[in-house]
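The structure under discussion appears below in the form of structure tokens.
Per-chain numbering from 1; labels A, B, C and D assigned in written order.
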Amino acid sequence: GGGDSGSSTPAAGSGGGGGKVFKIGLVTDIGGLDDKSFNHLAFVGIQRAKSQLGIDFKVLESHQESEYVPNLQTLAAQHYDLVIAVGFLMDGAIKQVAKAFPDVNFAIIDDAPSPALPNVQGLLFKEQESGYLAGYLGALESKSGTISTVGGQKIPPVDHYIAGFQAGAEAANPQVKTLNDYSNSFTDTAKCKQLALNQISQGSDVVFQVAGGCGLGALSAAKEKNVWGIGVDADQAYLGDYILTSAIKKVDVAVFDTIKQIVDGTFKGGIVTTFDATKGATGLGAINSAVPQSDIQKLDDQASQLKSGAITPPDTVS
Amino acid sequence: MRDRATAWLTAKSPAVLLPVGTTLLAFVIGGLVVALTGHNPGSAYRAIFNGTGLNYLLPWTSSEDKDFAALNLQQTLIITTPLMLTALAVALPYRCGMFNIGGQGQYVAGIVAAIVVGSHGAGLSKPVHLTLALAAAALAGAAWGGIAGAMKATVGAHEVISTIMLNWIAIYGAQYLFELNGPLQGPLPDVPQSDEITSSAKLPAVWGVLQPLHAGIFLALAALVVYYVLINRTVFGYEVRAVGYNADAAGYGGIPVARSYVATLAIGGAFAGLAGACDVLGWEFHIVTNDIAVSQIGFIGIAVALLGRNSAIGIALAALLFGGLQVGTSARALDPTVFPPQLAGNLAVIIQGLIILFIGAQLLLVYAWRARRRRGAEPPPVPRVDPTAA
Amino acid sequence: MTALDRIPRGARGVAILGIVVGLVGLELALPPLQVQAAAVPVVLGLAAAACAIWALTREERKLGIWALLVAVVATAFAIWVQGKSDTSTSLVVNSGLFAATLVYATPLAYGALGGIFCERAGVVNIGLEGMMLTGAFFGIWGTVWSGHWAIGLVVAMLAGALVALVHAVFSIHLRADQIVTGTAINFLAVGVTGYAFIDIYGSNGTPPSIDSVPSITLPGIESIPGIGGVFGSLNLMIWVVFVLLVVTHLLLFRTPIGLRIRSVGEHPRAADTVGIPVYRIRYACVMLSGVLAALGGAYLSVGFVGSFGQNMTVGRGFIALAAVIFGKWRPYGAFGACLLFGFASGLADRLQSVAGVSPNLLATLPYVLTLIALVGLVGRSRPPAADGQPYVKG
Amino acid sequence: MPDAPLLELRGITKRFGDLVANDGVDLEVAQGEVHALLGENGAGKSTLMNVLYGLTSPDAGEIRFDGKPLRLRSPRDAIDAGIGMVHQHFMLIPVMTVTENIVLAAEPREGPLLDYGKAHDIVRDLSDRYGLAVRPDERIESIGVAQQQRVEILKALYRSARLLVLDEPTAVLTPQETSELFTVIRSLREQGTSIIFITHKLNEVLEIADRITVLRRGKVMATVATTGTDERRLAELMVGRSVQRVEKGAAQPGEPLLSVRDLVVHDSRGLEAVRGASFDVRAGEIVGLAGVDGNGQSELVEAITGLVKPAAGTVVADGHDIGGHGARASFEAGVGHIPEDRQRRGLVLDFTLAENLNLRNVRRRPISRFGILDPRAIAERARRLLGEYDVRGGGPGTRARALSGGNQQKVVIAREMSGTQRILVASQPTRGLDVGAIEFVHKRLLAVRELGAAILLVSFELDEILALSDRILVMYEGRIVAEHGSDVSESVLGLEMMGGGSAAAV
């Protein structure tokens, strides 16, 4: 067994393609579907594509690194119309599999395969834009003049956020002091909380978490100490009214759009699509109602400058 | 005739029937749990079994299923390979009365060394380069294990603590080496990843494409043979076992006890280091920092060794069981209508846990057995270790 | 009889003197004194080292190594601190560091106390990790379900006891290899808590606001500088662990039941021959160990962060196990090991912002320090003689 | 003798697999009687007592105590009924103190806490009342076996035992200690306590017992009154044949093979245990080293055999200086060693007999070549030695753990006396062995002496020392305090061992 294509009954197709039901595969990295981050959002995107575009999908969660290649390979061998790899960790794996299956279309999130492959589309995000706006708002709302970030690990998507955050903060208040620590873990919530507590004791009154599930600990510190917390990736405003805003990365939009390209027949390999403010894929989530209107206007101004390209935040942490 | 058959059964029962029986029992009870969560255990097990790829060996597997089975069997064996080696890293010190929890750290040390050697020296011929990379990994693992051994031999530091600490030091240390701006970060400036292994240092593929089974499996099997011979057929092994059973008597017999501690932990570490080399030279070809902390190969090796009762054959079978479980319960193999993808991973872990639990309790059946025959059913004694070894 | 006569004589005294001198050197460099001359710690460090070596050559090994360690570490630290500005020093060494030490040490201490009970009764518990994780999840689950943290803790304890019961049945009655069973417990805990977590709470995780364990504020102490920052306001569960620590010590070493527990772990047959129910005691201790470890996990989830995340204990159970051995199966010793580890973790956190060293490299600090302490201070530790051995009656 | 027996065992049968350890055993013990139980190693004495103490349940049979049937589910029931037992292998917890061991499971309390003060008083009272001096605060691991024995007896008395089982209590005692024990037994008897007394020493049986039951292969051979029997008759009942004392010829000593000069050895706590011992052992002679346990004999032996480094002094064996060069060097120089504790040191109990027999020469040809073992050579040598030394109960592949004590000892002796060893250090070589086995060991020792070996015999049994030695050294507080020929009397030796006699003045 195992050769059967996964999902339940295809919904009535609304997209084009004369009734063909497209098969889309998704392979997560070892963070798993419940990473409260991109794997989860990718899953959201593919579910939306199913209900709106009538596609059929299968998700393969990877529990260890050695599963990347066989998972991608399995879906490719079953002639899926698009196979999406979630996360830069699959960079090596997708290169191998895409070469072996030139007729299958692939996409990979957070990675720009180099050299480019004709059947792979890279999907990158300008996390630094979201980080920039979060940092800008954070610096505006900070009373102490010190704001901080808790990163999970020093890896590109995390550092993009942090670099943008620091730049945005400085743009709002050149005197601002930014603190940054890494927990070296995406699961150790207690450690994230301890780092945030330490930052708060050093005066930080806005804590931005960039550590997935672990970051919930950092936000918990913000809640406990009555300072602002800023969520990451998805909109985390539901956590409570101590959430200032969330730095958003709409992986679900990217996944949905890419699937739509397949359905519409416009998918192209060999390119990198960058999801940024202009695409509405980066930016902020709900902004706390306590933020004064004047600040929101300043923020909107920054956002439009980001869109226009007048501001290009850095993407590496010094 | 019948008498001889009965006699054979009586003699062999503990060794043959018990593991088989308890494995069955483990699956039955695991199945009950699956049923409790509202799934059909029969189809779940069929899916897991087929997921291991072992159905490749069955004559009635259809040829289109065979391709998929082959892929899975290759993956099973790819995981079985390092598991056999990290299990040996536990087994050898165990025979010497020590509990090496440090397989993971020794494995990571092996990875680092294999990458350093395997990604340089592109001009070398394959046999030379490969041998150098493997040797470097073995040495690094040996050094990492040897530290714990030396600490035990000199100041009596308990190996359980020191190896736990050394694990984390190796893990964070390796993450440091390959992190962004780390000293050994590879050519991609914004990826926390090592250099690539050059083709001259890659283990040859033996079966499959893309991520094929590599020659590391022969290395691991050879290591099992080495272990068997070392333990059972050499003076060194004899001395190790003597120390493991009774260090006082060993010392009385003129056996250098402290040296045995260092040597077994170092050799064990070398096995674990080789496991790291197999992975990195066999199919990974580079390492990303995120993968380092996530890997569990060394820890699972502990269970493999104990389940295999520290014997070479037992380890081979237990490693296959674990490799099979890991691959068989992968999302590829499980029907999402039966196992929702969000839950599949955890259900797989539960089933693995149950199987370890019940196979570990072989004596469940010994119990029943002993009710009839008070003697003879004991499994072969193994030295007592862990916090026991002073 | 002068006061001089009362100072410990000989090598011991000199070693202690070395330790004191080394610490004085450090103290001078730290706030509020902050002597800025490198010569001061160097001279004092050399003096301390001299004392250490003098003691070492006179066969005072343990204290001598202590003194040497203090001399080297304190001097290095003092010199390093002098190069730093005022603020960066106080960023590292402040009452927050000691508060963090307690926070990091507490879950470990619960786990370690659990481990002590289990192993003192002769059952090795490598499943502490799984038991902690179980407590972490069910603590939250119970709190959410009932709306009260106290009930959450009770649920956590029950869950821990249940998991421990599995360990007990398999290792006591079925005589399975205790390490295999413990490993299985760890697997099961990851699977069961992960499964239930997703099944019950879905992708947003546990509810954002749960009833959490209160902190106890001591008004008098809070205002005292230094101490107030550490002990002024502490989570109730931290106070509880202090109490449990003392109770465990008394129970094990001052009561009849403690004597019986230890006898079962040392020589179960001897215990049996005087009529002590070996199996019953082992069951009780293993389950108690599950209860305590689960409390440690629940401290992480209900007590500290207020949420659950998959596998959120990340190896703390193993560190607790190491603390048990490090502390030679004694409560105070194990707690000392937990504090050492917690201190090093807190220190590593704080050094991130000032040291300019890779966070990964800093993350090794607690483990390196533990290793050094293990070599220098602890040495041989003798486990309960029957630890890990199933007892066969008759 | 009172009419109703305190204890009646009827038809007790206990099987271990195919082995019948007790086969329909009947035994009666009267109130205030000392009843001796005799039998070879493995005859089933300990098993019977374990049944009586509730440690194992019999397959058949009935126990009546005080005229009523007694059902024993655990030792607790036996203790409650008033049965106390001092086990052959002491049931003491080494890391705990004397007091803790005595009060364990019946502790005096003060609120929830253990009342250590009261526990002390209890121990002191008991030890005064029965004349069993102990040091309440010492840890078991730091006191000698005689002390431990007293602790065991006190343990039983503290639980008000009316029937006390002593399983081989004298195996580890000096004559003085044995006679002290007998005083205690007599006073207990006078107070109405019944005693079952197990031993292999026939003279002791005759001295202390009222009646004697002999077991052979799990069956009762006979129960006889002490008056009207003698050693020879008992030995025959036990073994099923007549046993002779070994006779030795005159010694023909050659050159000194083992020379010890000014040896100083520290014990594990760093105290001086041997304080400058000097002596020679010559080829073809047996030198007996007499002394009370704990006077430095163990440390002396460990230094000679390379197990500990001497603090000062030299040990020369067959011309090689072996002081402090390790156990291997000592053996290579020709020193064989029968260690005092065969289970801790002498054997790897989980090794097979073949493996145990080759512990010493595993690095030599033909046992191994280039580090590779030769299983055939190993098994062959083992089979030869097992035959030669008449080891029963297993072949080369049997685990040492499965042998009886006597046979285990034979394995050790076979290993240490075979090959090219010219010097033998024998420490307590017959401890716990039955008469047949003792006879065998003694014959062997004399045989190698005839072949020109130098033997240092360390024993607490003066009988043994006197029967075998050509010269006798007395050790007291780490020093050799006296030297005698083989014609010295037991009482002189006894006095010197206690620090009395002429030597004390030196």
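Rule of thumb we're sticking to: a contact is a pair of C-beta atoms (placed from the backbone, for glycine too) under 8 Å apart; a residue touches a chain by one contact, two chains touch by 3 or more.
Here the structure is a predicted model, which means the values were calculated and not measured.
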{"item": "Most contacted chain pair (by C-beta pair count)", "value": "B-C"}
{"item": "Most distant chain from chain A, judged by the mean position of its C-alpha atoms", "value": "D"}
{"item": "CA centroid of chain B to CA centroid of chain D, Å", "value": "46"}
{"item": "Rounded Å distance, chain A centre to chain D centre (Cα mean)", "value": "76"}
{"item": "Between chain C and chain A, distance of the C-alpha-averaged centres to the nearest whole Å", "value": "37"}
{"item": "Whole-Å gap separating chain C and chain D, where each centre is the average of the chain's CA atoms", "value": "45"}
{"item": "Sequence positions of chain D contacting 2 or more other chains", "value": "none"}
{"item": "Sites on chain B at which at least two other chains make contact", "value": "172, 175, 179, 289, 342, 345, 348"}
{"item": "Residues of chain C touching at least two other chains", "value": "198, 203, 358, 360, 363, 382"}
{"item": "Pairwise touch network: line, ring, star, complete, or other", "value": "other"}
{"item": "Chains that touch, pairwise", "value": "A-B, A-C, B-C, B-D, C-D"}
{"item": "Chain A-touching residues of chain C, taken from the complex the two chains share", "value": "91, 94, 96, 100, 103-104, 107, 197-198, 203-205, 208-209, 300, 304-307, 309-312, 314, 345-346, 349-350, 352-353, 358-360, 363"}
{"item": "Residue numbers on chain B that touch chain D, as the complex places them", "value": "232-239, 241-242, 245-246, 248-254, 373-376, 381, 383"}
{"item": "Chain A residues touching chain C - in the complex, by the definition given at the top", "value": "32-34, 36, 40, 154, 179-182, 184-185, 187-191, 193-195, 197-198, 201-202, 213-214, 216-217, 220, 223, 238-240"}
{"item": "Interfacial residue positions of chain C with respect to chain B in the complex", "value": "119, 124, 126, 166, 170, 174-181, 183-192, 194-195, 198-199, 203, 315, 318-319, 321-322, 324-326, 329, 358, 360-361, 363-364, 367-368, 370-371, 374-375, 378-384, 387-389"}
{"item": "Contact set on chain D toward chain C in their complex", "value": "50, 53, 55-57, 74-76, 79-80, 85, 87, 91-96, 100, 103-107, 109, 112-114, 155, 159"}
